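Shared chain: chain A. Partners: chain B in the first complex, chain C in the second.
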Partner chain A sequence: MNFDINTIVYLLEIIVGGLLVGIGVHFVPVGGAPAAMAQATGIGTGTVQLAAGSGLTGLLAAGLMMSVTDNIWVILASGAVGAGIMIDATMLTGSWIYAYAVGAPFASAKVTYDPITGWSQPPYISPGTVGQGIPTICFVSGTIGGMMGGLGGAMIYYPLYLINGNAALSAMFAIGIFLVNAVLASWNIQGTIEGFHDPKFKKWPFAFRACAVASVLLAIAAVMITGGA
Partner chain B sequence: MDAFSMGLVAAMGALATVAGASEDIESDIGSQSNPNSQVQLAAQVGNPHRIYNKAISGEPPANALWAATAAIVAYMLITAFQMPAFSALVIGASVAALFNGVFSMSSYFGRNASQARFNQWIYLDIVRYTTPSIMAHAWITSFCIATISYIMAYMLPTPHPFPMPIIALIWGLAVGAIGSSVGDIHYGGEREFQNRAFGCGLNTMLSGNIVRKAEAGLRNSVDNAWFCTKFGGPATGMGFGLTVFLDNWRSTVFDPVTQAPYAIAMGIFFIIVMTLYANYVEKSARRKYGPYPEYKGDVAA
Partner chain C sequence: MSVGGGAGGAPSAIDAKKLRIYGLVGSVVGIYLAAILNSALNTTLFSFVGAVASIFAVVMGANAVRRVCGYGIGTGVPSIGMLALGMGIIATMFGLSVAEAMGFGLLGPIIALVYAMVFGYIIGVIANKVIKFNIPVMEEGNADLSAAGTMAILGWSFAISGSLSYDAIVTNVLMTGYIAIIFIAGGLAILHPFNACLGPDEKQDRTLVNGIMIGGLAMVATGIAAISTQGLASGLLLTVIGFIVWYYFFMWYYRLTKRDASAVVGTGLLPPSAQ
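Then we have the complex of A and B:
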């Protein structure tokens, strides 16, 4: 492979993409298994799973856009919007279940008043639980997180495709780099978080450093392997 | 955009809705994913049960495996043996369902055997009549997703650059993520704990105290599927259908080559509408149910 200024730009793009994924995961309100039993606030699944589900849907949208244009802004925006649609559809239909099947009002256990709507939270927390459902603040935070994941996935895919011109290879590498960063961030938040209003969110610099190291290594490997093929 | 491609997008939306519903019901019959923690716990806190217990992995990787298996087999049959697409997709989904059956049964035997010390039995009749239901639903899910991938890779006016198996892998991850975030709440939050007052989250003290008796006899996983088909399954289908339909609709109606900014703006519009709707759902739940009467704090409702 030829090592030139473009390679450095590609490396930087992959690293920034990985960091976006790592930080984006902190925004996604996931309550893990307890949330599936309406025992904790957030979406009732694992962090990595939801981030991967939304971020990779964004990757599909970005991949489609990249096959017809090479305008980076359109590709990145398309990835972010595709991921945003997926995570919003998930949270919306999940809210139906909490509201109409479990029959519980939504409440966050981490704030007294929802910073966006100003609605009080503690009176609506079911006894013996730490909140339930997806309040507006969590919904907005999740949308931001999902879109950051999609943006990150697209930003990883873009340089890889420019290097090797092979959509399948680039997509597999992008999925791999995405998952590594999502898992690192998930360890940092210990599985559950409510969004950017959660005190755990302040731990993001740790994930930032870990994701930076991992992304640098992965970017070098990805650029060399796919470029040398 | 022409009528044919619009029809294809509509077909993808419909297939995705079916895939989402069957995915959720498959996980409910098998008791996979998050609510399985309670099924697993039940025997340990003295409640042995007749509910199928398979947690092969989280739902997204599991469904990514089924969907990608179906798509790989179909892709191989189409490209190497020139088989008609429909037959190839049917055979692919059948192979995925067989994989699912093997994993489900080994998971059931392994998990229940490891709980022998808690008096949890392995019920062979449960294995005999529940496993085929799980496999059948896995067949529907993987067939629908492999078909969506086929349409995206070969039939849409702007064919997707990813090969069919990778598209199926990504949609499999997405459908698993949605099934685990949406439909599982109906199973875990409501069906497993119908013995507590309606309208509250699960009190931590009740963990593992799942309902084990049915309308007649002992409850099994097929009863759970009957219940979850009423709301959890369709809602999951709606979530995945919305994702596939809205995402492909905006890039089909607006030509990605010349009208890409419109496609992006339309996506942002969808996001804003869904956020407002979710806010409405929250408001209506608060208004209808009100604060919990046990609340003793000083923050006003």
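Then we have the complex of A and C:
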């Protein structure tokens, strides 16, 4: 490898991408197993699955756009929009199931009034649960989180592809970087979060620091690999 | 202490240090043995030794998962398995690529292992100091996990490509997409054992036997992939050995499950009123 000014730019892009993933995870309404039983607000699966899902979609969308153009802004936008659509589709179809199959009213347990619609929440929370479904505020927060994850995925993939010129290798490597940052962030939020209105969201600086250290180490490894055959 | 090493803060029948030595030595020696046998005899028949080496790493990883997750990490056991494989894939590619660039292709696994353990240890320190987990075994647990993920990916990649050279692994494993199979099957072998057995009556031997069993299943999957990259003989050999490993350890796991269950009774079909 040749170390020049481009290498520093690549390093920075990968680090920023990793940080975007780590922070983006905090926006996605993750409910885990309780949400799968409609006993907590959010999407009924784990953080890592959602983060990996949005990141991989972002990566695919960015990769597709890279085969057409090499304008970085279009590629990043494509990644962000792709991942945002993926998370939105997950939340929308999940909402249908909560609304029409489970029959639960959507309510957030972390705020009294939904900051966006202004609707009262506590009367709709079933006793013994911490909210159900995906209320408006969580949906908006999740869209932002998904787009940040996709942007991060695209931002990791783009420099990797420029370094080694091997799409498969870059994609796998980006998944590795993605998973490490997503797991660190999910450890920080301890499993479940509703979105940016959740009190747990205030813990994001810890994830920022953790992901920064991890991303630096990952980026240094990333710029040193070659494309192989 | 109970027969198989009971749970609760994860005391164990087999010491973690001993398992770490077995895992590291077993996987490194296995991968090198496979590589040397394959190149010396000019064949790919010994690729299965690499897959067996992965199982040593899996046992070490499954034990690390049970030690760390015994404290409760709040996000579910799968997250830590995905972390192990995420770190593993980066360390594997980094090690093989750097060794190739330096001109010592055979050093790849060692460089990958060293990077993985250092990186895993740092992730453990971050988890304890920055995210404030305060789990006493987090640092060494993460170093173990990272090393296990790396050696598992490396062993199964070798089993598919039949060679330790970076180019061969990129062409046969990454470009073909078989890495995704290794990623998920290997991840399951490391994370699933504790996920399946966790609870107040979790026993170390039952958990680890479950890990070897899933390692066998991963061998079957890599064997099917190897048929397309190395030809029928090597691939089929890998598949058959994987099946034997799976069957033997499945029966063992079944025995241990019956040992640990309070009672094994046949319930029959559901009575009509319950339907």
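Operating definition for what follows: the second predicted complex is superposed on the first by the 225 of 229 C-alpha atoms of A that agree within 3 Å, B and C clash if a C-alpha of one lies under 4 Å from a C-alpha of the other, contacts with A are read in each partner's own complex, and residues count from 1 in each chain.
Criterion: a residue touches a chain if its C-beta (ideal position, glycine included) is under 8 Å from a C-beta of that chain, and two chains touch if they have at least 3 such contacts.
Model, not experiment: these values are computed from the prediction.
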A:Met172 touches, of chain B and chain C: first, second, both or neither? both
Partner chain(s) touched by A:Gly46 [first = chain B, second = chain C, both, neither]: both
Partner chain(s) touched by A:Pro123 [first = chain B, second = chain C, both, neither]: first
First, second, both or neither for A:Val216, with chain B first and chain C second: neither
Which superposed partner A:Ala109 touches (first chain B, second chain C, both, neither): neither
Chain C versus chain B, contacts on chain A by residue: B
First, second, both or neither for A:Leu12, with chain B first and chain C second: neither
Partner chain(s) touched by A:Ile72 [first = chain B, second = chain C, both, neither]: neither
Partner chain in contact with A:Leu162 - chain B first, chain C second, else both or neither: neither
Partner chain(s) touched by A:Gly32 [first = chain B, second = chain C, both, neither]: both
Overlapping contact positions on chain A, where the chain C interface meets the chain B interface: 32-33, 46, 49, 52, 168, 172, 175
Partner chain A, residues of chain C touching it in the complex: 73-76, 78-80, 82-83, 85-91, 93-94, 97-98, 100-101, 115, 119, 122-123, 126-127, 130-133, 166-171, 174-175, 177, 179, 183
Touching residues (chain side chain B, partner chain A) in the complex: 33-35, 37-38, 58-61, 158-163, 166-167, 169-171, 173-174, 176-178, 180-190, 192-193, 198-207, 231-232, 235-236, 238-240, 242-243, 246-247, 251, 256-257, 260-261, 263-264, 267-268, 270-271, 274-275, 277-279, 281-282, 284-286, 289-292, 294-295, 297, 299-301
Chain C-touching residues of chain A, taken from the complex the two chains share: 1, 32-33, 46-49, 52, 166, 168-169, 172-173, 175-180, 182-184, 186-188, 190-191, 206-207, 209-210, 213-214, 217-218, 221-222, 224-229
Interfacial residue positions of chain A with respect to chain B in the complex: 32-39, 43-46, 49-50, 52-54, 56-57, 59-61, 63-69, 71, 74, 77-78, 81-82, 84-86, 88-106, 112-113, 117, 119-129, 131-136, 139-140, 143, 167-168, 171-172, 175
